[in-house]
Structures are given as structure tokens and as C-alpha cells.
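Here it is, the structure in full.
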Amino acid sequence: MIFQHFPIVIPISLLLGAMISAPVGIWKRKLTYPIALFASFVAFFFSSAGLIYVLNTGTHHYYLGNWIPPIGIEYVVDPLSAFVVLIVNGIGFFVMIYSHRSLAKEIPGKEVPFHAVVLLFLAGLSGMVVTGDLFNLYVFLEIASLSAYALVSVGEKRAPVAAFRYLLLGTIGASFYLLGLGFLYLDTGSLNMLDNAKIIPLLEERGLIIISLTLMLVGIGLKMAMFPMHLWLPDAYSYAPSVGSAYLAPIATKVSAYVMIRILFTVFHTEFVSEYYNFTDVIAWLSAVGILWGSIMAIAQSDYKRMLAYSSVSQIGYIGLGIGLANPLGFIGAVLHILNHALMKATLFLVNGNIFYRFGITSIPMFDENLRKKLPYTSAAFTIAALSMIGIPPTAGFFSKWYLVLASVDKNNWIFVVVIGLSSLLNLIYFFRIIEKLYITRKSNLTLDEETKMNEVPISMLVPTLLFAILVIGFGVFNAYIVDYIIKLAIPDGMI
Amino acid sequence: MKLISYILLLAFGILLIFATSELPSRGHPENPINRDTSIAGTPGAAAHYIRNAEKETATPNMVTAILADYRGYDTLGETTVIFCAGIVVFLILRKQKDGSKI
Amino acid sequence: MTDYFIGHAAYYFIITLLLIGLWGMLFKKNYLKKLIGMNILQSSIILFYVVSASKYNATVPVLDPKLGEINPSQYINPLPHTLMLTAIVVSVATTGVALALLIVIYKRFNTLDENEILEKMK
Amino acid sequence: MIWQIELIIYILLVASAVLALRVKDLLASVVVLSVYSFGSAFLFAVLGAVDVGFTEAVVGAGITGVLFLAALYHTTRKSKD
Amino acid sequence: MNYNYSLIPFYAVIVSLVGAILILISSRKPNLREFWTISAAIIKFILVFSLVPEFLKGNSVECEIISIASGVSLAFRVDGLGLFFAIVASGLWILTSFYSIGYMRGLSEHKQTRYFASFAIALSATMGVAFAANLVTFVFFYEILTISTYPLVIHKETPEAISAGRKYLAYTLSAGVILIIAIAWIFVLTGNVEFNANGILKGVNISSAQLTILFILLIIGTGVKAAIIPLHSWLPTAMVAPTPVSALLHAVAVVKAGVFGVLRIVVYVMGFDLLKTSGLWIILATFSAATIVIASLIAFSQDNLKKRLAYSTIAHLSYIILGASLLNGTALLGGILHLAAHATLKITLFFVAGAIYVKTHIENISELDGIGYQMPLTMGAFAIGALGLAGIPPLNGFISKFILINGTLSSAHSAIVLIYLLSGLLNAGYFFPIVYRAFFIKSERFTKIREVSLFMLIPILITAGLSLLLGLFPDLLFNLFHIAQNVSSEIGKSIIVDVNKISGAGL
Amino acid sequence: MVQKSNSIIVALVSRFMVPFIQLFAMYVIAHGHYSPGGGFQGGALLGASILLLRLTVGEQPSNLVFHTRYGTQMSGFGVFIYAAVGVAAMIGGGLYLDYANLPIAGIEPAKLRSLGILFVEIGVGIGVMATMIAIFDDLARGHFHD
């Protein structure tokens, strides 16, 4: 049956898409976009089909080159990885639909390599998610990172500097990961995740793997922009082209968060990281600080994208908090927030793209009622996503916070409860500021394009924006099904 | 501030030295990476390669056998990284004008 | 003790190199110097893997018919070597991308010094 | 594995690494980096990792250096630190 | 009570949501838009009212829509308290809709689509709050209510309105966060958030200090909307909103949802037994009693008519809470009845205030001299409202107060009755001067004005008439009295008050 | 473009050397099964030989050997070969990159794997060579329309 190959089809279709679309695009520029879109669609299709397949038949192991795991590389698609890979490719596909018009306006003449880079980016992230091998993860991490630097670098004038700093920190992160992996490999003699999971509990000397775990976590934390290591993120997100940040913000850091979950709970065991040694506590406390720090910094920003970037720092904190609580509810909260935040941030950055496409502004003081009159649907999408960020039911954001609060209460950690509540209110401040501007402020300092009579952005840009906004509500209302039928299956062993 | 950074760097070095002191002395055939089977009973990859590379892939150079076959997918990724770098440099430095080939 | 030292001395040099690389990346103000630091950092990690793969009284991991029946202790562990081939490639790819970025940065800001660039970015 | 040779190369590596970062002229710095790469390639070969050594020699000492030079050509040789 | 499966409560919630969407779609056609508003209001009322006959026979309905979060479903259940609140809210929405149309057209306000749509969503949320079968469903709609009324508060878009909106959001959403935290705590403690007449927390293993904190969190969470002093200060500020909004917000939907929430928490979450044994009721009783007195005193000092009404609202809301906190079936019955009585009376007063504003653009009491001669019907209605709130028979305000006082006397803390009496006097003190000014002081200012349009006048007369009718025959039309008695007898072993006796007392 | 060397001797010597480097590179790729080397090293050597030409004799003459224009295309093609070999194995009924199932009849699995490795190495060689040249060309040209 051909369908058993689906784990490999996801990254390979994207890779092939990149390999074909770039050379073909140099030859005939118009062909790039259809090829890229098709490749992305294939990946999206197989990710969704794969999720259904995995839910029906259980975890799927795919041995690359037909070598049994510790000898060769394996792909493991369990409910969690199928879920995350679907998020990656779903967001990727719809943002790619969106990107066509936006790119043509923002970075004309660079569409061909841009689409190829995006495909590589998605392939790297998909590969990171489905792989069951720690070194293979590093390779795909590098593919994703290199493309991420590129996505940042083609933005405004200051973008290359942001990309360069991102590159330096990203390389340090990857190097730390590699070094930590080296220590782990020297201690266990294996690179396979599940194999390591079997070996680690039997080890007598623990010092080495503690250090290797620390190094790997620092490396992944850098990629994930966990609180003290988030310094690259604000610049990178705010100077990137709007499509670039629409790709980066929703999925790049989330996949790193997924990797962190994998390393902590699959490779190392829950008891090991949360009871014998308090790794998870450190993560949780750092994340809690990050939540507040990100929210407060976001309030201080006057640039829309920069504000979203800082809000990303705080939202990543939620995921980190869920991971760090290391109980089933926290895990549910973290994984659900990976989905929710991906959708919310995608909406918000697409809204940014729409506004930039029409008016060429990202500065919040410039927003006013005219903008909303010209872009009514975009503003509606923004409002929904903003309410979700604040955590108003029935939007999705409420429910991930709900699980996180439950988890914190369950752990009897009231400080985290307060942090989550406080950050909701801080989110309220910086999002309602914009909502007020959009719906109330009357002054007009926008140069309106009256002649063209074109109000909303083109349909290919509008549809993804609205789709994500609707999904924010949809996944909010139906979150229990996702939690019960997908995430609960993925709760790691030993979590109580 | 700078002093603190230096101290942090130094502390990191000391941490690593502490870590390496726990590493097995290099070069011994019985080190974990060289074992036939790991302590959990799963086969050790490296020993398998050394024993079977010639038999299974007809390639005496074990590094090549691993690179292109046992862990061939890594190498595909590696080649993709290089390709990716090429595309990225293309993206950063080139700009297609209408009608131009490059 | 001597055994321990011989078995571990290489790691101390590697850590030294790693710290030099990190120092270059974090404290040097010139972006090209940072890149050089990055190269040193990456190659020190490569060195770490390769050193740890080495084996006493063993030969290079190419099958030698003269050695007769295959015994893993006769050959150096080939797996880290393979991994490090990939790592080298990654390092050169990263360097290439970084250099491209450097060229663009220099065209836009006419300097490679971090302080000056940050000054001009405001 | 002959530890005397290793030791010499290690010292060479550390020295060249420090030198590469200390030299004010970036061109010299790149050249020293090539020396560093070549030293490590030699070290890899000594350690029995011939493939890695070969690759490091071609890539680290060769292509990376050339890429650095190409970039230097378009930027500047001067450095303040 | 038997609970059968039926989707009627869900339809009652959803109908105005659909209405809101239709309103948004037909934003270009005012008549069609207002047709949707009114038809949604009427359908909603019919749906709610269709539940009453079966309810009185002892059959009620419940339904589960979807699983809303792992382990919790979005579920509706029609119990007496919810049905009572739903009838009051949906009935008054019809009147408010007519009145809003008159008001908005009279002032030719901007952004009417947004206004009507928000109104419809707010009513949807109110129904959800009323019928919620568990705390999560409750908070779900409670938050929607908060957000959907925000556009109404800022409707005028003046700087004053915007800052009022900010204040409103800051208060209510902070309370929402606190409420969510408290609910999460309950969920972790008991694994159950379903309302039940014994109280969710009955028999739960928790130290008394923690119980106190939990109770305070719950009360803060709901008390902000119920405007218990010191959490009240958003309410007078929010009076910048258009008058129909104030009418609905401060007589029916938002504040009543808050009071309803407090009742839910006192009765169905904590339970009378637990509150009694732990002595926590004292906290609530103290604060609500203080609120009654303080708010009434502040009301004296207000010259702005709507602000005075707002402070009066704050005081009257605490009547209900105080009634519930006495842990006595009769007092609870009085409280529930006051929920309806205050709604009809206060909405009358707000409608009148709006009518005056539409005609004269006057907001201050000191300028109202002699207006009664020009708008006799309107000011007559005002007089009825004022009398009712002061507790003069034969208005419905009297009945609820009568039962409240009855209940207080039969409880162990009969001294509290003084607060009710005092506040009745204060009520009279701050309302009668207005009536006096309107009818007995002559002024030449208002000679050319007439009554307001029928769109506005008829709702005013209807609410005033309703207050009177319900005072004479408490069980007339909607069986409100029976429903309320049903609740209190289920909860608190109350004395069964004979309807006829009460109406006799009214006469 | 980086300025070419002005010394005629350098130009001559490098021109003389380039074929030998390339021959050696081919050998490295093809002989990777038996001795150190393989696609990556060989490809890098091939790339280096062209870079040598670029540096010494200038862009125009070296374009005759490998035109700037084809860098990206060729690198895509190289990786494509690799990925396509994997897909071919899938078509042959195996898992991805399972060279033993390459659809070539009449060869025993071990030999087939060896053959698969050779294909893959060639792909890697082409890809690496072309990418190295492409990166160098882009860096060396350094111009962009901003």
C-alpha cells in the first residue's frame, strides 16, 4: 500500500518542490509559484491524511533505507508529531496561497528563490517533527534555520543585520545542541530517540547526561526563543518582510517547542526531568518570567510587528510553562497552545501583511478608522485574533489558558496562575489599544488610494486571513475534540 | 557587564571540563559508542557498521557506506543544506529583473 | 592518573577552542570576526566528535582484507566521522549564507562594526 | 594516535585560533583561519578520520577561505578589533 | 424536577446570534435590520416562554451541545432561577428593541448596525448565562457578555466614552480572569463544575482558609458585574452610553447577570449549608448591606439623572445579594422577585431619562423643572418607577421588599431589616424630588416639547404598566412568582407564601 | 566579479592544473567506495577547480567551463538525483532510499546497494560542485539591484 510511505512523502515532496521550482523558476519565472503551491499542497494533504491514519492505526514507524532503527534512521509518526506536522504544513500551505500577491509587491524580483526557500523551510520543520533520530533532527534543524535566516534577511533595510544576529545566535544554539548530542552519544552510544529512551534509565553515571540535556535544552531554547534567549526574535520578526514573519512566527518557534517536548519527555523520561532533576521547574519559571516580560515589552512598542514579536515571546512562555509544569493538563495546554498560537499569530501577521499591502504602514499610531473602513474583513480578523490572544471565549486562546490554569492549580503553583491571569490583562492593554484605534479613532493620516476603488486586499490574501480567523474560533469551540482524540493520546508515559 | 560575561564564559568552560571529566577515556574499545550491544540490549550501531558494511552494501569504506546508505537520509539532508545555502545566497544577493535569465 | 590525562587532555584543548570561538562570536565587534569565531566554534565541536571516536590500536574505517576476520576493535568508530562530514557541510553552508548577509550589510551601512551598525540602525 | 603530534597540533590550533581573532587585518585573519582549518584537517587525519580530514582540507581550508575572500573583496579589510 | 432532553434553550441562545449576523449583513437597509432585531427578540421570548408551562408541571429541559473543554460540556439546563432571569431579560429586550429604534432614529445616531448587532450578541450571552448548566458554560457566556457590551459602552466615541469603555473592560475582564481562576480551582478540587442545588463544593476536602479565598475569588469574579462596593466604580462611568444601553445594561443584562452569578455561586456552587457552617455568608452580607447604604447616600449627591439612577441600581442589586446571603428561603424568594421588580422599574426610569434626553438633551435633574406638564405620560411613568423602587404598594417593588423583609425577620439576623427600611426611606428621598420638580415646579423652559415618539412612549408605558400589574397580581402573565417560589422551596425550605395573600397585601 | 590575477604565470599554471584536479575529483567520487572520499569531497574539489579558474583567468573564460548561469540549476539537479534515487527505490517496492529495491533487474541486493551509493554520490558531487560555484559567483559578483 502506497500510503504507508506518507511520513517520508511530507518532507520529500517539499524538498522536491524546492529542487524543481528554483531551477525551473530561473528558466520560466511564472512556473515557480504553481510548483511550490502544488508541493506544499501535497505535503498538506499527506499531513492531514497522515494524522487520520495515525489516529486510526496507531504510531507509524518508517525505516529509511529499510535499516532497523539503531542502525538506520527512522521516522516516527505518533499522534503528537502528526498533529504538529499538520500544523506546520497547514499554516505553510495557506500562507503560501497568501504570499503570492504580497511578495510581488514587497520584494519584487525575488519570488523564485523565496518560494524555494519557503519550501525548504517547511521541509526542514516537517523533518524535525517526524524524525525519530536525534542527529537527523540536527540536519533538518539546520535546513529550517538557514531558510529562516533567509526569510528574515530580505525584509527592510535593517533586516540583514537582524538576520545576521539571528544567524549567530541560531548557530550557537545549533552548536550547543550538537555538543549536547555528542555527550549523549558518548554516554549511550545511540542516536535514536527511542533507543536512547531505553538506555538512559539504565545508566549509572548521571552527570554526563545531565550536562548533555542542559546543553541540548539551551540549544533548543535559543531556537525556540525561550525567555532569556529571545534576544534575536524581536528584530528578526519586525524587520522581516510581512510574509516572512507570517511564516516564521507561527511555526518556527513552535516546532522547537515540540522538539523540547520530545527531548524532555520522550528521550529523557518525565520522572528524570521533573522529579530526579528539576529541569522542568527551571523551564517553567523562566517561561513565567518570559510571559510577563514579553507582555510588558509589547505594551511599550509602537510598531505593530515589533509588538507582535514581543507578544510571541510571551506566548512562547505559555508553551514553555505548559511543558515545565510536566503534568498532563500542562502538556495539553502546551500542545493546544502550539496550535492556537500558530493560528493566532498567523492571523495577526497576515493582517499586518494586508495593512502593509494597502497602506505600507506598520506603525500603530498611524492606524485609524479609515483603515478599518477600507479593510473591514481584515479588521474583523484582527479583532478575533486579538480577542483570542487576550483569552476571551469562545476563541481558541481562552482554552489553552484554561488548561494551563488548571495545570498550575493542579500543581498548587499559584504564582503561575497569577502570571497567566496578569498576562491576559496585559494582552488586553496592548490589543485593545489597536482595536480602539481601528474602530474609533477618526483622524486620517493615511494616503488612501481613492482612484483604484480597491478597498479590501486581493481575494487570495483575504481568504487565508479570514480562514485563520475562523479557525481561531472553530478550534476554540471544538477544542475538546482535539484534546480528547489527539492530544490525550500523546501524553507521555509517566506523567501524573 | 563585560566582566560578568567573561565570568559566565569561564563558568561555561569549567562546566564543560567537569562534563568531560565524566567522559570515558577516549580510545577504549569498550566505550559505549563502540559496544556491540547497548546496556539496554539494543544493537550498537557503530559495531554493526564495522561488521556488516562490506557484506550488506559491498562497500569497503565504512564511512561511505554509512554516509550514503545506512544514514543516507542524513546525507540527503546535508546535500539539501548545501542546496539551501545556494538558494539563500541567491535570494539575498540576486534580484531577477523582468526578462533576465538570472 | 596519566591514563586519565592522556584520555582526557584532548578534551581540554577542545574546550579551549570552543571558548575561543564563543568569545569571538560574543565579544568581537567586527561581524567578520564573529564569523571566524563561529567557524572555530563549529570546528571545535567537530574535533570533539572525531577525538571521541578515536580508538587505540585501530585503523582507519576502511575495510582492510589483511586484517582477517572483522573485529570492531580493529577499526576506528566510523559513525562520528559520518556525522561530522555533515557538520562540516552545515558549517560551510552557514558561512556562505552569513557572508552573503555581510555583503548586503556592508552595502547598506558601509561598515562591519557592530556598534556603528547599531548606531546607524536607529 | 601519536600524542606528541596531537599535542603539537593542538597548540598550533589554539594559537592560530587566537591569532585569527586578534589580527586587525581581516585578510590576514582569514588566512590564519585557513591555517587553522588545515591544522585541524591534519589532526583529523592523524586521528584516523581520513574522510573528515579530506573534507575539512577541501572545504575548510579551501572553499571557506575563498568564500571569505570573495566577501572581503566586497567589504573591507579593516577591523577595529 | 424531571429534566428532558430538548434543544430549546440552545435555540433561545442562538437565535439572537443569528439575528446579529443578519443585522450585520443587512447593514445598508435600516428597516430590514430593525426587523431582524425585533423578530429575534420576539422569537427569543416565545422560545423562553414556551418552557414555562411544562416547568410548572415539574418537567424541565436540559441539553448538551458539545464538549467544550476536556471533561466539560457546553450544556444548558433550565432551572427555576435561570428561567426566571431569562423571562425577565428576553421580555424586556423586546421593549428595549422598540425603544432603541425610536431612540436611535430620534437622535439619528451613527453606527446603528454595530449597536444593534452588539445588542443581539449581548442578549445571546445573557440567555447563555441564564441557562448555563455548569460553571464553564457560565463563564463562557459571561465573558462574551463583557466583550459584546463594550461596543455599546463606547458607542458615543467621545474621549469620555472611550475611557469609560476602558474602565469597564478593565474591571469586568479582570473579574473574568479571577472567576476563571476560581472555576479552575473548583474543577481541580472536585472534577465537577455542574450546578446543583446542594452546592458543588459541599463535602469537598479543603481547609477553611482556602475556602475563604475561593469564596472571595468567586464573589469578586461575579461581584464586579453586580457592582458591589468597592467594585462598582465602572457602573456610573459607563453611564455615558446611550440610554437604551444603560437601560439594558444596568437594569437587565449585565448587572443582572452579575447578580445572577452571585446567586448561582451562593446557592449552587457554595450551597447554603456550607456557607452557614463556614460563616462565610457574613462577608457577603456585610458588603452588600454596606453597599445598599453607601450607594443610596451617594445617589443623593448626584445631579446627573442617569448617574443617580446608576447609584440607585447599585443599591438595589445589593438588595438581591443581601437577600440571598441571609441563607433563608424566604429572603431568597424576595431577592429573586426583586430581580424582576427592579428590572421593570429601573428600565422604566432609564427609558424616561432617555426620552427626556431625546427631546431636550437635558441630563441634569436640576434642569427638569416643570417638564411633567409637557410630557405627562412619560413623567407619570417615572413617578410609578420611583414609587415602586421606594417600595410603595401596590407596585411590584413592594412585594419583593415585603417578602425580603419577611425573610429577614424570620432569619436569625433580624436587625438587617433596618437596612431595608432605611434604604426605602433613602430611595424615597432621592426619587421624589425629581417627581416634585417635574410636576410641581413651574418653568417656562419647556413649552414647545411634546411626548416622545410612539416607538419610545409605548415601551415606557408598558414597563410602567407591567410594574403595576405585577404588583397587583404577582403571578399574572408569566407565572414569575411561581417560578421563583419553585426555586426557593427547592433550596431553602422557605415558607410557602400564598400568591393571593400577597396580592391582597399589595392591594 | 573578483578581479582576476594579473600574473600570466599564475593563469597558465592554474589552467594546466585544472584538468588534473578535475580528474582527481572524478576519481574521488567514483572511488569513494574503497578509499577516503566520496561525493562531497569530489564535488568540492570539482567546485574548487572551477573557482581556481574564476580567480585566475576571470569570469568570461571560466564561463566556458561552467557558466555562471547554471549554478543554481545544476545544484537543484544534483540534489534531485539523490532524492530521485530514493523515490526510485520506492517505485521498486522498497522504502525510501532502500537501494536494494532499485528497479534494476539482475543484481544482487548488496551490489545494488553499492550501485545506489554510486548514484547518490554522483548526485551529491554535482550538487556540491554547482552550489559551491553558485555561492562563490553570487558572493563574488556581489551586486544586487536595490
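Note that the chains are named A, B, C, D, E and F in the order they appear, and that numbering of residues resets to 1 at the start of each chain.
Simple rule for what comes next: a residue touches a chain if its C-beta (ideal position, glycine included) is under 8 Å from a C-beta of that chain, and two chains touch if they have at least 3 such contacts.
Being a predicted model, the structure only gives us computed values, none of them experimental.
Asks: Name, by label, each chain that touches both members of the pair chain A and chain E.
Replies: Correct list: empty, since no chain touches both.
Asks: Centre of all protein Cα atoms: which chain's centre is nearest to it?
Replies: That would be A.
Asks: State, to the nearest whole Å, the distance from the C-alpha centre of chain D to the C-alpha centre of chain F.
Replies: 24
Asks: Using mean CA coordinates as chain centres, what's the gap between chain A and chain F in Å?
Replies: Comparing mean C-alpha positions, chain F is 35 Å from chain A.
Asks: If you average the CA atoms of chain B and of chain D, how far apart do the two points sit, in angstrom?
Replies: Chain centroid spacing, chain B to chain D, equals 20 Å.
Asks: Just give me the whole-number Å value for how far the CA centre of chain B lies from that of chain E.
Replies: Chain B and chain E have C-alpha centres separated by 68 Å.
Asks: Please list all residues of chain D that touch 2 or more other chains.
Replies: If we look for residues of chain D contacting two or more partner chains, we find 1, 50-51, 55, 59, 63, 67, 70-71, 74.
Asks: So which bits of chain F are touching at least two other chains?
Replies: 34-38, 40, 72, 76, 79, 83, 86, 96-97, 99, 128, 132, 135, 138-139, 142, 144-146
Asks: Please list all residues of chain B that touch 2 or more other chains.
Replies: 16, 23-24, 27, 33-34, 45-46, 49, 60-61, 63-64, 67, 69, 71-90, 92-95, 97, 101-102
Asks: In the complex, go through chain F and note every residue touching chain B.
Replies: 32-40, 68-69, 71-72, 75-76, 78-79, 82-83, 86, 96-97, 99, 110-111, 113-114, 116-117, 120-121, 123-124, 127-128, 130-132, 134-135, 138-139, 141-146
Asks: Sort out for me which residues of chain E touch chain A in the complex.
Replies: 66-70, 72-73, 136, 139-140, 143-144, 146-147, 151, 154, 157, 162, 165-166, 169-170, 173-174, 177-178, 180-181, 184-185, 187-188
Asks: Could you pull out which chain C residues touch chain D in their complex?
Replies: 6, 9-10, 13, 16-17, 20-21, 23-24, 28-30, 32-33, 35-37, 39-40, 43, 46-47, 50-51, 53-56, 58-62, 76, 80-82, 84-85, 88-89, 91-92, 95-96, 99-100, 102-103, 106-107, 111-113
Asks: What part of chain A is in contact with chain B in the complex they form?
Replies: Residues in contact with chain B: 15, 18-19, 22, 26-27, 29, 64-65, 67-68, 70-73, 109-110, 112-114, 116-117, 120, 123-124, 127, 135-136, 139-140, 142-143, 146-147, 149-150, 153-154, 160, 183, 185-191, 195, 198-199, 202-203, 205, 207-208, 211-212.
Asks: For a test of understanding, state which residues of chain A touch chain C in their complex under the given definition.
Replies: Interface residues on chain A, with respect to chain C: 135, 139, 142, 146, 149-150, 153, 157-158, 160-161, 163-164, 167-168, 171-172, 174-175, 178-179, 182, 185-186, 191.
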